[in-house]
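You will see two complexes here that share chain A, one where it goes with chain B and one where it goes with chain C.
So, the complex of A and B:
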């Protein structure tokens, strides 16, 4: 727990407010409420103000949109991996399905944008869940491999069969009225999704999800279908991903097979590692760090991936618990040196 | 004569070349306690798994309340009121003890049967969970139900397994070695608990190695060896059976354990 030097060691103590607020809420003063609220407010206000701060740099506003889309995937990945126990590499599937459904609804059936995005979210979520349903009894790495196959398969199928525009994709989608709409839609839905998921995992139903992860035999013996709850978990994660995909299609006004790219499956995992798994907010912070870094590294050309890999390796070796877990610990504890 | 609540008829299960269950049959009357004993590897836990649907049987029938359980998933069988504990306890360690019971209380069966005693509408699941735990010996005054499952001793974890079953208000509980690994005093407090469950009308199957406690409780005992039923009868009949002695101790050993 504590690191040691000659004759002294570091001692960590939980702050009183942490101990009191862990189980039961008995908050006694404005100071304590501020202690609990300020990190949350910082995140909410930070994200809401971000588009305004980035006003002079339209390029970085676009980056913020990409960050949000990756954050949806990372949130879904963290929820599935750490609360339902399914390691899903299907991020690209969710994005692609969401993008294509939204594009088809918009161009073929003439759905307006405000209708095609929600419809694509729900339909895409159901579609992905149905696809993954037969794989739900699989565990661990097997589920990961199968879910990784689907986006690869979908891209090759569209290419080979030349459906949905083939390699050209579907063009001519409606764009958003202006870029503020894009940004604020994504940021606000992201925040709502984050806090809704946090509430869900701590509610009674969330305990079932955690039970499925920790000990599925006991859940079965309690008369609860684990396949059903895994499916609900996948539905939640894929709806998040499909929403991101649908928005992405409308931002680019185009849907194509590059939306089944592996980036959408891999970067959310990297973000979860950097941000801290099982915290839900960690992956979001991970995306806020990783995606802009990846943009900054464009100057390095092909060396970009090498530098990116080094940064990731550094995180895994030196801060494997993730930034959020580390930060939460520092925030909630006193540290001081004591004589041995 | 009442109808048996559970008929097990000629159940067979082979794992590759190993015949784990070879034609096991027995009847269970409502309200009874049936003990299942046998040396290690005699197929006791396989029998539990076969009855509760955790493994698929090769042939034979398990009939519960007149209904063949063939092909039903474990959670469906638990939903019908036939529940089990696990030999290896794996509670949700990171959660307080009472939160462990939220999972069964959330199940369709618990919602149908109205949680615990009150019947009808269920109160907050947390309250119901603490009530169940108190009933089963978690002292509320010393805050045991609120302790993390990871900090509880084995005796409480075994009770937690039982409580998980009780939360479903089951008709049958199959206890897979609830006495093993307990201290003498823990066991002594467990026996009245089982008696209380029986008085409340729960039918019990107890798979045990602890013969002394089991013979105090069980009305009938079934002895298994190499996947087959050797004999079945009252504890006294079983103890007197030379085949049972042979299965446990080899031939010509004194059966002084009990």
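So, the complex of A and C:
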């Protein structure tokens, strides 16, 4: 097939400033430091200022809270899928477990909110890890399938056994003192989690995680337990998810079966793919784009899941690198056409 | 006696549901997560043709079958072929297609009222003191016929043998002039076709609901994992194990626990015998 692009190809070169700011000497120049810091500061300041910007629109402040909760799941999914090699299709499990544990602690045992959320995060993370433990030796497809089943099953079981309030859910949780607490708690924990994970994947432990993903036989041959490290990975991801779930329960002052719903499984995956898998920031950006779209489509009911699924499919097939990798490339390199 | 007869029927149902999934995975190593969606789609298309266009039942059935098989083939040809071999992308993309179909149907078609297909044969018959609908017997009968036909197809025809060759060693098959993409399209079409056949036989027993899509996917996967992927005997045996386990649970514990059985079966299999009942070493390596 002849086209105008025959005989030429795109050449990519790192920008000079990118090269200069690679080493430690970048601190010798303000411009180079600005080059490194500005994208990061843009994200941090943007997220921190967002609640203030949205002040006149309380509805969109609520959306921001939901964005953050999805972002926790997406972050966990990206970490598990691209650094540990476990594709977990059932993010709703983490949200549901976090929400229910927090609700039970709050209503049955009378834990105050500032105690029930952290406890639910840790207990929920441990609980999810224990649930998934037998499935951890599984690879790829098999783990995806089994993890998909857990949230569906959990919802059925609660319905069938009529425990934890059955189909009504648990009502009457303590709410946050005011909206600002909700927003700033979520935004700041999200930023901390994001940067902590970015450090973790470059530390020694992150190296092992990546080894587990790329060549688990080699890791095994080095005398390191694969299953243990996979469990640690799942623990980190599920703690993030459970924190989101616990906050969600307290924001709505309610925990119920719908927190095991499909939305929580599919949106984080879509956000990761759209934002760029393996970058950790990408999923957050994906959530910032997709969740507001979802809110705009709320009137159409379940059609919004179908829309997501189509966006997800389009991105994975035609633009699988995602927005973040695309953006990073444009930022760091310039491109031009050369004759072959 | 109830348990025996309904156990057999339930097992045949499961085997029918799982057949297409095993076939596609066995041939093209493609986990078709849209399997359940194609199942529901077949039922809905048939219902639409019958009730909106007034086409005779037999014709509607065949049009629905052809349509779903075409959808399956097209899905591979235009979408999945681009991400062949990238396991994570394959799972996510086919799951996304399935979700789009299912949730699209929930929004645009299957809402308000119940959607039912008439049974092929009305009435019931008494076997050994248990009354059984003819349709349920038909599930067993047609299920057996279908499995037999698929077996003959895979082992006797040129296309079937080509598919089998692909499953065993893709590179060797390529050197013998078998086009791997065309075979994958064929296997997807065939797999979708058998999902549709299963749908049209089983759905008249109940009503067409979106949830069935997820249920079928889970069951198909459970049967495949327990049986060992790519193994026909294993899948059949697993269908019987899970089928009877479910009926026993319903009889002694309550209908709510039916799904739990499948999950427990998966977990037990993975712990006791990770390659599945009839799995081979090759499968074991890629699973654990």
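Observations on the model:
To be clear about the criterion, the second predicted complex is superposed on the first by the 291 of 340 C-alpha atoms of A that agree within 3 Å, B and C clash if a C-alpha of one lies under 4 Å from a C-alpha of the other, contacts with A are read in each partner's own complex, and residues count from 1 in each chain.
Heads up, the rule we're going with is that contacts are C-beta pairs under 8 Å (C-beta built on N, C-alpha and C of every residue); 3 or more make two chains touch, one makes a residue touch a chain.
Computed from a prediction, not measured in an experiment: that's the story for all the values here.
In the superposition on chain A, A:161 makes contact with chain C only, not with chain B. Of the two partner chains placed around the shared chain by superposition, neither chain B nor chain C is touched by A:187. Set against each other, chain B and chain C differ in how many residues of chain A they touch, and the higher count belongs to C.
Contact with chain B, but none with chain C, is seen for A:224 once the two complexes are overlaid on the shared chain. When the two structures are aligned on the shared chain, A:211 is found in touch with chain B, with no touch to chain C. Once the two complexes are laid over each other on the shared chain, residue contacts for A:152 go to chain C alone; chain B is not touched. Chain contact summary for the complex, chain B toward chain A: residues 52, 54, 73-76, 78-79, 83-84, 86, 90-96, 99, 102-110, 125, 146, 164-165, 167-168. Taken in their complex, chain A has these residues touching chain B: 23, 204-205, 207-208, 210-211, 214-215, 217-226.
The residues of chain C lying in touch with chain A in their complex are 31, 79, 82-83, 87-89, 91-93, 95-100, 103-104, 106-108, 214, 218, 221, 225, 254, 256-257, 259-260, 262-263, 266-267, 270-271, 274, 286-288. Residues of chain A that touch chain C in their complex: 81, 87, 89, 134-135, 137-142, 144-146, 148-150, 152-153, 156-157, 159-161, 262, 266, 269-270, 273, 300-303, 305-306, 308-310, 312-313, 316-318, 320.
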